[in-house]
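Dropping a structure here in structure tokens format, bear with me for questions.
Should a chain be cited, it is by its letter among A, B, C, D, E and F, assigned in written order, with residues numbered from 1 in that chain.
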Amino acid sequence: MSHLVIAPLLVPLLAGIALLLLGLTLSSPARRTLSLAAVWVQLLLAIELWHLTSGGVVLVYHLGNWPPPWGIVLVADRLTSWMLVLTALLALFALLDAFRGTDRAGCHFHPLFHWQLFGVNGAFLTGDLFNLFVFFEVLLSASYALLIHGGGTERVRAGLQFVVINLVGSTLFLFAAGTFYGLLGTLNLADLALKIAQIPADDQGPVRAAAFLLFTVFALKAALAPLHLWLPPAYAATSAPVAAFFAIMTKVGAYALLRIETLFFGDNAGPLSGLYDDWLLILGLISLVLGALGALAATALRQQIAHLTVASVGLVFVAFGVETRASIAAGLYYLTHSTLVTAAFFLLADPIARNRDSLADRLAPGPALAQAGLLGGLFVVIAILVVGLPPLSGFIGKLGILSAALDTGDWPWIFGVILFSSLIALLALARSGTLLFLHRRPAVMEGRDHPKPIPGYLPWPTLGLLMLALALTIGAGWMLDAAQALAGQLCDAGDYLHAVLQVDRP
Amino acid sequence: MNRWLPHPFLSLLLAFIWVLLANSLSPGQIALGVLLGWLIPLFTSRFWPERTIIHHPLTLLGFVLIVCGDILIANVQVAWLIIRGPRHIRPAFVVVPLDLRSEIGISLLANTISLTPGTVSSWLSPDRRFLVVQGLDVPDPEALVAVIKRRYETPLRKVFESC
Amino acid sequence: MLKIALALAFALVGGAIALNLWRLITGPSALDRILALDTLYVNAIALLVLLGIHLDSALYFEAALLIAMMGFVGTVALCKYLLRGDIIE
Amino acid sequence: MAEYLLAALILSGGLFTFIGSLGLVRMPDFYTRLHGPTKATTLGVGSLLIASMLHFSTRESGLSFHEVLVTLFLFITAPVSAHLLSKAALHLRLPSSVRLPRLVIETEQNDGQVNRP
Amino acid sequence: MEALLSLMIGTLTAGGVYLLLRARSFAVVLGLALLSYAVNLFLFASGRLILGAPPIIDPRAGQYTDPLPQALVLTAIVIGFAMTAFVIVLALKAYVELNSDHVDGRTDQEL
Amino acid sequence: MSLLFTILLPLFGAPTAFWASRFGRIKSAWTAGIITSGAVLCLVTEIPSVAAGQTLLWHLEWVPMLGVDLDLRLDGLGLLFALLILAIGLLVILYARYYLPERDDLGRFYAYLLFFMGAMLGIVLSENLILMLVFWELTSLSSFLLISYSYRKRESRQGARMALAITGMGGLALLGGILLLGEVAGSHQLSAVLVRGEAVRADPLYIPLLILILLGVFTKSAQCPFHFWLPRAMVAPTPVSAYLHSATMVKAGIFLLARLFPVLSGTTAWTWLVMGAGLVTLLFGAWIALFKHDLKGLLAYSTISHLGLITLLLGMGTPLAAVAAVFHVFNHATFKASLFMAAGIIDHECGTRDMRRINGLWRFMPYTGTLAMVAAASMAGVPLFNGFLSKEMFFAETANFATGLDHGWLLPLLVVIAGALAVAYSLRFIHDVFFNGTPVDLPRMPHEPPFWMKVPAAVLVGACLLVGIVPEVTVDPILRLAAGSVLQGPLPEFDLGIWHGFELPVVMSLTALLAGVFLYALRRRLFRLAARLERRIDAGILYERSLAELRLFAAWITRRLDGSSLQQRLLFLLLAALALGTWGFVGASAPLLGSRILMPIDGMSLMITAGFILVILTTLGLQKQRFTALIVVGALGLLVSLVFVKFSAPDLALTQLVVEIVTIVLLLLALYFLPQQSPDEPGRVRVGRDALVACAFGLGTGLLSMSILTRPFTPISGYFLDNSLPKGGGANVVNVILVDFRGFDTLGEITVLALAALAIHALLKGLRLPGLTRDNEGRPWNWDLHPVIMAVLSRLLLPLALLVAVFILLRGHNAPGGGFIAGLISAVALILQYLSNGVTWTHQRLSGNMLPPIGAGLLLASLTGLASLWFGHPFLTSAFIHVHWPIVGDFELVSAMLFDLGVYLVVVGATLLILIQLGGMHRATHPGKRG
């Protein structure tokens, strides 16, 4: 049993502990070095794990040496490793950005950050329903703390709502988990999948109810409409690196939905197969429209980005809802793209806001920005990525989803909504871009109020994320092939079941 | 008696309690009890500002027995009062002047009063010279004060203040 | 014999709990409710002990012990709140 | 014999517990209500604990005395809560059927300055 | 008996939800507490109800109740406690920052 | 390969030009010029093979899964367009160098221009349709940048955004259309698509894909009703207009129409849609153009009109019409670019473009005037200029086309009217500007521009003349090549001669010329008429209004959904859960209850349940008096733990009990700083609604629980019961599950606890609050800070409690207990010291820094798990041994105990940290005596 599977959990956990214990004695640079080193190690581990699983092997780790379904298992397949790599990459850049001062704005940034990673990685790796709940709690409680890190009225206000909503979500999760256990008598995901496939007709009612409770919970985490309302204020209020890293949080919900959808209710999952598909599609389309409209209505840049995040999540779910291999592959590609780009956008919004003094990121004519060329250029590139204009990765992802949607009967709707929302996003970003970079406040043009460039600021983390997006564009062929293989493994689910329980699907 | 054994009586008590807790007289448990009885006071000694010395253990034992007996009787009395109903009670507040000085002594007296029949120690004056006791059925306040002082305060003074 | 006694005792303790709840619900003052809560704790000990005898199991003893030891902390904190507001000062 | 004793103890325990709570409901003011629970329950729980001791000592291999601990803890803690409840009641001037002592009233009014009676 | 427990769970949930929907942070915290009682009982009940058969291995015992839900509930209680603590502190902080204990940070004049 | 360079040179040259501007504005122009020339060179090398009739293809794989590859193609059509783009581009670069004012940032301008040029070349050289779309969108984007070049002007920003929005919308529609086309044709490769015309036209998807593609085409080529962005884009500097609206941007649509001509044309739908749009645009554009007072406005509308003309030609679908269309593309590019340049010169020299003020310029700039006149004549279709040739072909084709139709006379008539209008506005351009009296109040005194500024226009005018006079020599070869690749088949017979005899087209041309002159003569009367009409038919205003409406709608729906109210969000969540859960349940039509035999109800349980429910209701009733509600909730917690006791869960009961106590203390600490009462809520309806939701939700969970409890099941937990003692080394199965079977959950759980503690620590650090000085009812606080009796007994209790905690910790593996409960007991015992003796007193005896224990506990727990890796077992594998000690006897050592110790430490640390932080917030001086 390769310990590599658990390494992505142990590294952040121990790093968090070390940073907590040494936090008071170590100097700030030493802390940063340690923190960064831990993230690098995670990245390497994740890449190695991808390397191991990309051939189609599913790695299973029996925690405590107890065999499944009794013990908790960690399962690493292609999807898991993919998400782990993405998380580590995102963490790397978010952390680098945090070094610009966010980590010193309050206490315990580094332990919180690493434990958040612990939670996220755990949610990706675990193969147990209740353990998934526990990891959700870990990542959520870390996120609560990170959200309000640095303090301030807005953050506290947004934080309170975020926390309460998510606590209710956790309660629903427990209701769902309890129902699953109470009817099927197990918690292991693979075992649950087997039992769901053989569920007698009389027991379907409560199981379906639990399935939809779980759906609600994951949809909430993933910010699927109409449960997306918590996201904009929360993401708009928090600090830039945290918001950037939060880009992965909605993806955890998306991951969980995808996992459950394919494992429990996949193509050959017995009477309940395809339970989520329609809902995913419909709610995805609604999120897409609402997110785009929200972006158009936004009065501040971060708010706009947050709404665009909702839209991007919606698009991912449209892809998952179509539920063909091609669509899931495209959806994952788009998910990866949107995670990186949203993060880059949040990181960019910060210097823009800081450049505009009291106006901050409000979408109103303001003073000429220092470094307007640089920031504006980055803004244009990111806008292209977000709207999905060619030739960058956003376009490719959207294209993939559109062409996969052609295989379904619903394509006119899907086409219509996706294209319409893209147009709205385009209008929204054109508006905000013009307001932020081109439209000057008259008084300022007279030169009374000279903007001060942020000393020494070069948006390296943003640039880094954009480089990744560029790599995603250039390597799109390769990425999509990998995603296709991944989707194949996911849709079949046989590998997973076999690896965990050594049984084949009946 | 010193740094290494700050409260021998407490240590003994703890070892005894441990054996009770474990509900077993096996040598292992006794050893563990002694160990803990030594360790815990060591850790908590800082929480005990003054050292409490028990001067007359036998008097203490007698006191405990008297109190237990009083509790038994009192319970029956109070039960009867409750059953008969509120119309038959004569509640009153009684001020008991204290001769006890030590905190532990006062506390134990107050506790005893509260535990025994129909009386609750309600209030201690800021200078710790008066204890106000509330009685459920007090035909004669003076007598109650006298009983408290004689029956409870005297032995406690003897044990904790060695006059 | 024992069974009947146990059944009766259960009924009595149950009744006691009901009375406590009555006081808890009706009040009138906050202190009455605290008192009811405190009594509820003590009655819970009685219930646990009875249950222990009834089931012939010592497993409920710790619960009783804990209530005896910790139950009053709640009461103390609540009273302190009424007295001082700030309970840790 | 032991069984009868046990039954009697259990019954009396139950009875005292009940009466204690009855006092909680029947008594007219807070100060008098305070007596029922803190006392009757002491004996109620006490007899039940003795019953339990007896029961387990006769049943199991060894003696069972750990119930003493419950009593011990109750004896330490119950009066403290009674004292604080009563003190709080005096502080809040909960209505009483009898007059409060002058000492208490004046001291409370003077914020802890004692006037000798 | 099962019906009684279900009734309790239902009532607790209803109470929790009602309190959650009150606009004040303290009520919301109480609501969350009620909800967590409810869900703990629910999770616990998913192992079915048995009297007098605690999951402690004992040669004399004939049957045991399902231990797994108990372990899950224990975890859930701890997590619930941690979250209650956090949310009440956050509510307090919000009250200090916003000068209102309305969960949306609105002052009474705005309502 | 050189094809790739043709595109890449300008694309990647853009940053170079930007960078070059550091060294002076001229350098930037030179860089741009050299880069463009390079691209021309690359293209020219390929001309011979294209001339030989070959179609050059070049392939590089990109995203094969989506059928998107970097495939380039060069054939006649592409060559014609590419040459136009590059040639006019080169001229514009030269022109702009003189046109743009000194202070302007030429680097930025040339960078945008080159970028645009590259994108445009990409469109015309793409073999893959999606790749073409990529470049298509890039032109939209770069034109946005170009139009917003002088962004300080409001019109600039608006015009740019409008252009982006309209062409962007078209691009998205086009994306849909192309995807459908690819689906129908089975490939995105042009070569494959071009030969599948039959199949495509027969497919049921033909109509939707045609509409989508045409949307793209019409928006880009400014066809009615999407034309309005074009005049507004005229705010761009004139070189931009000259480039975008003569040869490039707007021609992209035409290009695509021509490209897909063999695939899509020939159906009724095509004819109606394309011809209809073309005809309307032709007439409408020409009509408006006549009345524009702005020089560039006139040109803009004439551009629209000419684009309509070309569209109309392509819409006819006949081979000869297609040839004419291609020809007119070329001609229009030449004369329109030169006209824009001339307009630019005039604007540059006069400082205004208002034709009501610019009059009689002939005297000041005769050379420019000559150039403009030639170009305008070409635009009007005067013989000997190139416009005449293509226009005559156009007349001929319309006449031909109309012969077989009902009302066939209508089309030629309309076309002639359009021609007359064209003559009229061309005349106006010449007569109004160069003659017609003297200038009115010009900002500047006009004179001839620098020589090099006139050169580009002169070159283009020269081309007009050459083509107009000797078409056979100049334009014939390339026209045949281009037309050949449009038709993808044999070319029709045609002759580019100037004179074909006195036939119908000539008659139409002459009629148009005469009528045009007549119209111009009548212009003053017509102006008044137009002024009235103009405002009514401006689609741009409609667009602006609908955009505003859209934004209002977006704002409305966003606000509507989200009043930033937690209640509303929660309500959504709860209702969603309820609705989905119910839907899930009902959808299966399974029975609500199962068949399991239930436990009988006993009286005591019934009573406690009743009490329980009453207590809940009391909580709800009292919730506004917070302190009281808290007491009641405390009782509720106790009752819950009694339920656990009843149903055989001693561990849970213990935990619930202690947690309840800590929670009460916690809430009390917080409550002190919060308002003591909740205000009354507004609205009975709200309360009713919430109560309804709550009841529904409660009913749902109750029923769900019932439906589970009544069903039999076979859980996996038999394994735990069987293996707990032999393999886990503990008799308390719950604890063995917690620290061993599912120890990982516990690790996560203590992390959550530690996180909460850290979060609270971070939140409250440095927060100091003034407390209340009086209680709820206005009474002062009691004087007694630390009642002696309580203080003394609490101290006494501490060692006892710690002893019990150790006991509970040690026995947890075999009997109810464990690290968590033990930790809470210790924490409560310590908190009791704070409660009864105060912070200061306790801190003299106990370090308040609780972070080390938390970290140490987590570390211990993780290290215990890690230790098993050392022995080659997975993380958290437990081990236990029985040790026999001499006196002590048998003693069991379980590694899980160390884990539990870790849990203990975290719990103590976290709980104390939380409570101390909260308790330490109040640092105002207390009235009263210090204990």
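Worth a mention:
Everything below uses one rule, namely that a contact is a pair of C-beta atoms (placed from the backbone, for glycine too) under 8 Å apart; a residue touches a chain by one contact, two chains touch by 3 or more.
It should be emphasised that the depicted structure is a prediction, and the values quoted were computed from it without experimental measurement.
Counting steps between touching chains, the shortest path from chain A to chain D takes 2. Geometrically, the chain at the heart of the complex, using CA-atom means, is A.
Taking the CA centroid of chain D as reference, the farthest chain centroid is that of F.
For the interfaces D-F and C-E, the C-beta contact count is higher for D-F.
For the pair chain C and chain D, the distance between mean C-alpha positions equals 11 Å.
The distance from the centre of chain C to the centre of chain F, each centre being the mean of the chain's C-alpha atoms, comes to 61 Å. One finds 22 Å separating the Cα centroids of chain B and chain C. The centroid of the Cα atoms in chain E and the matching centroid in chain F are 40 Å apart. Under the contact definition stated at the top, the residues of chain C that touch 2 or more other chains are 10-11, 17, 34, 36, 58-59, 65, 69, 71, 76, 80, 82-83. Looking at chain D, residues 15, 20, 22, 34, 64, 66, 69, 73, 76-80, 83-84, 87-89, 91-92, 107, 112 sit in touch with two or more other chains. Looking at chain B, residues 17, 21-23, 110-111, 121, 126 sit in touch with two or more other chains. Considering their complex, residues 3-4, 6-8, 10-11, 13-15, 17-18, 20-22, 24-25, 30, 33-34, 37, 41, 44-45, 48-49, 51-52, 55-56, 59-60, 64, 66-67, 69-71, 73-74, 77-78, 80-81, 84-85, 87-89, 91-92, 94 of chain D touch chain C.
Across the complex, chain F meets chain C through its residues 603-604, 607-608, 611, 614-615, 618, 627-628, 630-632, 634-635, 638, 641-642, 645-646, 650, 653-654, 657-658, 660-661, 664-665, 668-669, 671-672, 771-772, 775, 781-782, 784-785, 790, 797, 800-801, 804, 808, 815-817, 821, 825, 828, 831-832, 834-836, 838-839, 915-916, 918-920, 922, 926, 928.
The residues of chain F lying in touch with chain D in their complex are 779-780, 782-784, 787, 789-790, 793-794, 796-797, 800, 927-929.
Listed in rising order, the residues of chain F touching chain B in the complex are 783-784, 787-789, 791-793, 795, 798-800, 802-804, 806-807, 833, 844-846, 885, 887-891, 929. Remark: chain A residues 130, 134, 137, 141, 144, 148, 152-153, 156-157, 159-161, 163-164, 167-168, 170-171, 174-175, 177-179, 181-182, 187 touch chain E in the complex.
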